[in-house]
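Each of the two complexes below includes chain A, the first together with chain B, the second together with chain C.
What follows is the complex of A and B.
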């Protein structure tokens, strides 16, 4: 069974992946399956969101339904059809 | 105004922040930077001109904002933020402005703010994008709660001058809000500026009890 998750990308990710994406993922879905699908849909930008081992980059801030999801287990956080996943890459310069 | 602010970093963020805090009449401003002015700075570091290339940023910045407002005290401090001596750079001030350009120094400044119980107004910029977070030690999320892992890129990021100007002004505004007893806009929130669409997002951040900066230090992600 497939269903749709709404993805909002901020800052640099908006340039790379576009804003307000509708991403279809197999259920039960997780943060990991959502970001892997985003990378699959945008192979040229995959390295921006995934590290060399295919994991979500540690620096990326993730929100599900506007709630920050942090910690070592965040990639396993469940995402339900209709949820909103937001992704933000912190910036560094000054 | 009988208030004191330490601006750490006299670059793209620090220049506009210093200008507006001086113009607002902050009685004492300390400017910390060990760097010298280079030509590539001039698109965004608006306190400096072509004739300042090679001069101390802290020194020139203090000179310029002293001209803007001769009734305030400005102290340039030409030191790098590293080692044990870093812990004295913000002694005696009411607020610290993080106008740095790397996370190693930012995490150290966050640690200093927490240890000294001094509010910290953080900002960072890359390209068209900027972020701001205000840390009220013991009463809000800290920088490490918000960003436990820095971005992986180590190359100096390109910055559109206007982006640094907007975020430096935001830091000055936030500093004034705190000094005047108003609620900071970026407490427990990353204010994110997207200059491509000229829009703001507010990402709510909670204090992390296991944070490596202000908590038990057991969380890695």
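What follows is the complex of A and C.
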């Protein structure tokens, strides 16, 4: 069974991946499976979010349903069909 | 007033509106597009989250420093050299708390709130590096 999560990307990531994309992932999904699918859909931009070992870069900020997902285990955070996952690089406002 | 907006703002109106009976000091920070070899910039935000974060930062500043009034206005969209980017207005009984709270707010915005700047130079465009 697989289903769709809604992904939003901002700033440099928006230019690479698009600002709104629907990503199909196998259920149960996690932050890891979502970012790996985004990288698979856009191999030339994969290095923006994944390091050489395929892990999510620490500098990438991840929100699920507008809540920041931080800490060591964040790649295991569960993502459900219909959830919104947002990805963005370090911020530079002000 | 806390908002992320495409519209310009009038400093004197906002500062005048902060002037109320219990306030003895108003400190403001006004961020402007600086002419350091750029023609302008696009300011982008994850607006729904940025506005919620600004509300939370204002509330934190009120609690931490005991200030009575906070305005934060951050612009998005295309801005030219000399345009306003951000305005923070803090009102307090005494100056010390107002200075500290104002600095706290701009520092928190720069490290936390999802806003980015893409600069336009003669050579092309570049994203301002975040990451503090």
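Basically, the second predicted complex is superposed on the first by the 90 of 94 C-alpha atoms of A that agree within 3 Å, B and C clash if a C-alpha of one lies under 4 Å from a C-alpha of the other, contacts with A are read in each partner's own complex, and residues count from 1 in each chain.
Please note the rule applied: a contact is a pair of C-beta atoms (placed from the backbone, for glycine too) under 8 Å apart; a residue touches a chain by one contact, two chains touch by 3 or more.
This is a predicted model, so every value here is computed, not measured.
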| item | value |
| --- | --- |
| Partner chain in contact with A:90 - chain B first, chain C second, else both or neither | both |
| Chain B versus chain C as contact partner of A:39, first or second or both or neither | neither |
| Which superposed partner A:74 touches (first chain B, second chain C, both, neither) | first |
| Which of chain B and chain C A:12 touches, first, second, both or neither | both |
| Partner chain(s) touched by A:58 [first = chain B, second = chain C, both, neither] | first |
| Which partner reaches more residues of chain A (counting touched residues only), chain B or chain C | B |
| Shared chain A surface residues [contacts with chain B and with chain C] | 10-12, 14, 59, 61, 63, 66, 86, 88-94 |
| Residue numbers on chain B that touch chain A, as the complex places them | 9, 11-14, 99-103, 123-127, 129-131, 146-153, 156-159, 164, 190, 192, 194, 196-197, 201, 203-206, 208, 210, 219-221 |
| Touching residues (chain side chain A, partner chain B) in the complex | 10-12, 14-15, 51, 57-59, 61, 63, 66-68, 70-74, 86, 88-94 |
| Residue ranges of chain A in contact with chain C within the complex | 8, 10-12, 14, 59, 61, 63, 66, 86, 88-94 |
| Chain A-touching residues of chain C, taken from the complex the two chains share | 31, 43-46, 48-50, 52, 74, 85-86, 106, 109-118, 127-132 |
